[in-house]
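Questions regarding the structure given below will be posed in turn.
In order of appearance the chains are A, B, C and D, and numbering begins at 1 in each one.
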Amino acid sequence: MDITLQNVVFIIVAIFISVFSVLTVTTKKIMRSVTYLLFVLLGTAAIYFLLGYTFLGAVQIMVYAGGVVVLLVFSIFLTKADENLNIGIKIKKVLPILLTVLIGGGLIFFIIFTHNFLPMASTDAIEELNMKTIGFALVGGGKNQYILPFEAIGVLLLACIIGGLLIARKR
Amino acid sequence: MGLKKPKIKSIKYEEFQDNESLEKMAAELNANGANVILGAVDDVINWGRANSPWSLTFATSCCGIEFMAIGAARYDMARFGFEVTRPSPRQADLIMVCGTITHRMAPVLKRLYDQMAEPKYVVAVGGCAVGGGPFTKSYHVVQGVDKIIPVDVYLPGCPPRPEAFLYSMMQLQRKIKLQKFLGGVNRKEKKQK
Amino acid sequence: MFDFSVVSSWIHQFLTSVMPEGLAIFLECLVVGVCILAAYAVIAMILIYMERKICAWFQCRIGPDRVGKFGLLQLFADVIKMLIKEIVELKNTDKFLHALAPYIVILSSILAFACLPINKGMEILDFNIGVVFLVAVSSLGVIGILLAGWSSNSKYTMIGAMRSGAQIISYELSIGMCLLAVAIFTGTLQFSEIVAFQADGWLIFKGHIPAVIAFIVYLIAGNAETNRGPFDMPEAESELTAGYHTEYSGMHFGFFYLSEYLNMFIIAGVAATIFLGGWMPLHISGLEGFNAIMDYIPGFVWFFGKAFFVVFLLMWMRWTFVRLRIDQLLKFEWKILLPIGLFNLVLMILVVVFKLHF
Amino acid sequence: MDLKKRILEIAPETQFVEQGDIKAIVPSSSFYALAKKLKEDEDTSFDFLLSLTGMDFGDSLGVIYHLESTKYGHTCVLQTSTTNRENPELYSVCDLWKTANFNEREVYDFFGIRFINHPDMRRLFLRDEWNGYPFRKDYDMDSNPLNMTNEVTEDKTTELTIDAEGNVIEKENTLFDDKEYVINIGPQHPSTHGVLRFRTSLQGEIIKKIEPYCGYIHRGIEKMNENLTYPQTLALTDRLDYLSAHQNRHALCMLIEKALGVEIPERVQYIRTIMDELQRIDSHILFYSCLAMDMGAITPFTYGFRDREMILDIFEQTTGGRLIQNYNVVGGVQADIHPDFVNSVKKFIPYFRNILKEYHDIFTGNVIVHQRLKGVGVLSKEDAISFGTTGGTGRASGWACDTRKRKPYAMYDKVDFKEIVYTEGDSFARYMVRMDEMLESMKIIEQLIDNIPEGAYQVKMKPIIKVPEGSYFTSVESSRGEFGVFLESKGDKYPYRLKYRSTGLPLVAAVDTITKGGKIADLIAIGGTLDYVIPDIDR
């Protein structure tokens, strides 16, 4: 297997994501944890861009990096969070943790080894998805189109906004 | 009405008034012993520092109004690159002590000075900052800011005219241009035993 | 019309002829990256010089004129000074985050800067969802600001950061509305296509009323997005000393300073691209001779000319108006600007559906 | 109504001193009752405490109160004292007049007199750990060397109260508790106009409480005066409120002239009046500029300074000084006016009339300015009188407190001008009062400038001036309120006690009341419109 630029970039991004994922859960400072999470999300976006899913990548940045992380930072500001996350692992919790790790790891390795990956890098699959296709898929009513879920999410968000306003009003 | 000729110990008054002889003195001080490359780098750095001293917005009394005046239309210190006055000591290069420093203010001024990032310069503006001014005999006035922090340029007057402010800034520029960042030291002092 | 893609494809062909394609692309990326950084720095310096001169002009002053001819070297002096100034380390703070924050801010503005199409064939990041990408990366900057405010461990910076966060997040909506209106009109989200769409007339002329409304709303919201007066609440010199970057010194402060100006340029550049035709020359249908002459002016001149015009408008705003209060500012966004944006969106849809545009 | 009889009715032990201004000496035990009566009775209603001065009489320590009624305009001077120098205690009047709060703290700071029932007995100007009381005659000047340790801010204060048995006990009050979000604005802050410090308790962006800390520019001018001859004391008045340097000095000169009984030539009166009004315009332009700058508009700031320079040129022509003129002397003015003076003033006025319109165009008419100023920081008329916020601030609240109208001096009773009074009491009214006052000032100058009579510009005075024994008080309308000078003389060439009624101290005392419930940004706008000058507050 020859090493293409694609592969090199992928490996770099993968290492980036892995390192920061580990840091996110191991750091003892909550603010740093959020920052590392930001890097992980940005790395994920980079993978999307690498795959040619630019729309997904942009949405990933906008919603997760720009939205969720900002929300997290704000909530940390507004609540009185302890500076350090000194949560030691208790003996009671060791078994469930181990179980989760084993099952999760097993699942991932199972998928990796059994799934038949398409040879992405060799074919010219790196073609940007047309915006129009996505747009019509989102608001179209035909087969494999998503008007119903789209509307449902819209109503849900509206309900969230109204609920939020109500809670804020009461204070 | 003419001014009486003042006497300055270290320099002739005519030379003190004349910009060229001051520049000559500066060149002489600069001339000896700098490495060619490092000296050139030094010159660039000093040129940069000298032409952009951003001052802290700091004023305690009367001189502060004249300080505002040099920022405004007629005197316009922006011409020299002193334009930006930063309200945060971290970002300022220079503190113009405009006005009297009292005993209560002294620790605060010291703290402001300590908060500034190197390189930092101090101009003592007005009689009060230079040596207590009309309030020397007061129980609550510091007899000059040089009792608390090192001063680079003294600017007398009560309050000094805006032109004098600009002149003091130019003197400070001269002083900055004499500094050695990389290429050696200005003056070698013998180590005391 | 000069097409820059001729140059870039020639370079690409030359490079691929002497080395494998992967390496060539890598090299090109490197060169482009360096070019972006250089352009970023140069434009920031031009902007700062411009701001000083324009502000001096508004205020009956002269502005910098002693350092170099017309004070042209003033900015170099500032940069040299700032580069070698001490970077203060604070006690009892998270030093890593404190040092990281300016880089996040500058990263976001460089990424957004790279989206601007400067000339025909000279688009660096030109996705088919370019507009969405721009909005996405520019929203990253707010994290840097929040981190800067938090990690300085000072009440002033904290209030500054909170204000800034609330302000940027709110005004992003209005910007989104304006961009959406444009997207509806042009039917694309790709910057190069938006520009190409305006070949027979700039959008502000083609789209008439809704486009003009969108342009004005965009200018206001853009001004707020860059934290410049009259919306410079987070920095509000007279209230919070220097807002979220109070505790930053040396080049770290320099990054905030640069990114503020560059963000302004990005706002202006996007406005120039989507409303004023980007690098498209001014064409008046019927006047063929005039159009031909206009075509001789290279595209990047058009682009920068328009962008700097918008920058001038923003500076005019800044040096004229009084600062708003934070609650008034948010009220202004949620109660006035956003409804106008939504209404304008509907208007734009009507215009497009009934083909009322030129 | 005979005030003397009235006072004797309430407090029969009162004695009257008739050297200089008539002064009623009241024993400390009956003082509070008398003060309460004088304030609350319908026919006296002394609702304005003009000045509160601490005094060291040598054997006893005391306080002198200058009271005035805004309803009837009559005044009276009360004095009370205690002979206990170790532990002096007097009754506080801060529940009658709100301005007494800060003034009593000042007296405590300088003389060590503790006021019973005062809620917040802390030092006002000096550091908490200061040794001794500097204004006492037996104070050792070297007892307090420069202390460079950082100040510790206490959140607790003591209050002296009287318990059921009539004993004085100490009570502890809390300024800020630990849970409050307190930020420190100042002493080095771009918008406090110098070195004032506000500790501000916030709830989000909303201000819950403000505690001002003064003294960062306290230079002890009043104490220094006690060792200076009368002509020497003049020099320090200019440095008090440097934006009404001329008016301050006018007040002190007037006081000394009044005490000596010197008749001042009319030419001098004309010149002084014109200079006062020019100074007022100068100060109000600066007010406009600084307000604009505080609110984030730098362009109006430079416009203001551009035009201010023209007034400074006129000053410089005649007096040789730009900001601090040192022009008035006892018996006249330092030098005759410059031959070009009349011309340049006449050139300036029409120019400035036009410029003022431009100011209104660029700043007053702006929607954002209206949003920021209207309805923000309202001070009611009662509060204004109680705090003694004279000047533009008082007039914006509907209190016609212009000294030029109330107690005319110099040429003010002969010229025609309107007293600008607004009733809203908000920041915008405070701003508009000053903008309109500039027009009135120009009107006054126009009436005088052409008719300056010929004559001497100075009365020859004796080289050593000795003011006859007694106590005197005069006040002028300075740029930002009633500036009063109180002089207690023992017949020496030095004043025994010289006290300046600060125009800014009542404003700072009122800040907490005005800003309550506002935002931080409002504090800046309010501070801008209150227009205080810190060296004047701290003296």
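Here is the rule we use: contacts are C-beta pairs under 8 Å (C-beta built on N, C-alpha and C of every residue); 3 or more make two chains touch, one makes a residue touch a chain.
Since we're looking at a predicted model, the values are computed, not measured.
Between the chain pairs A-C and B-D, more C-beta pairs are in contact across B-D.
Our note on geometry: chain A versus chain C, Cα centroid distance of 28 Å, whole angstroms. Taking each chain's centre as the mean of its C-alpha atoms, chain A lies 55 Å from chain B.
Centre to centre, using the average C-alpha position, chain B and chain D are separated by 34 Å. Distance from the chain B centre to the chain C centre is 38 Å, each centre being the mean of its Cα atoms.
Annotation for chain C: residues touching 2 or more other chains are 59-61, 237, 241.
Under the contact definition stated at the top, the residues of chain D that touch 2 or more other chains are 189-190, 302-303, 306. For chain A, no residue reaches two or more other chains under the stated contact definition. In terms of inter-chain touching, the protein chains here follow a pattern that is not a line, ring, star or complete graph. Those chain pairs judged to touch are A-C, B-C, B-D, C-D. Residues of chain A touching chain C in their complex: 4-6, 8, 29, 31-32, 35, 38, 54-55, 57-59, 61-62, 65-67, 69-70, 73-74, 77, 128-131.
The residues of chain D lying in touch with chain C in their complex are 181, 183-184, 189-191, 205, 292-299, 302-303, 306, 362-363, 366, 368-369, 371-372, 519-524. Those residues of chain B that touch chain C in the shared complex are 44-45, 47-52, 72-73, 76, 78-81, 83, 86-88, 90-91, 93, 115, 117-119, 181.
Put simply, chain C touches chain B in their complex at residues 52, 56, 59-67, 71, 73-74, 76-82, 84-88, 237, 241-242, 245-250, 253.
Of all residues in chain C, those touching chain D in their complex are 55, 58-61, 155-156, 159, 229-230, 232, 236-241, 319-328.
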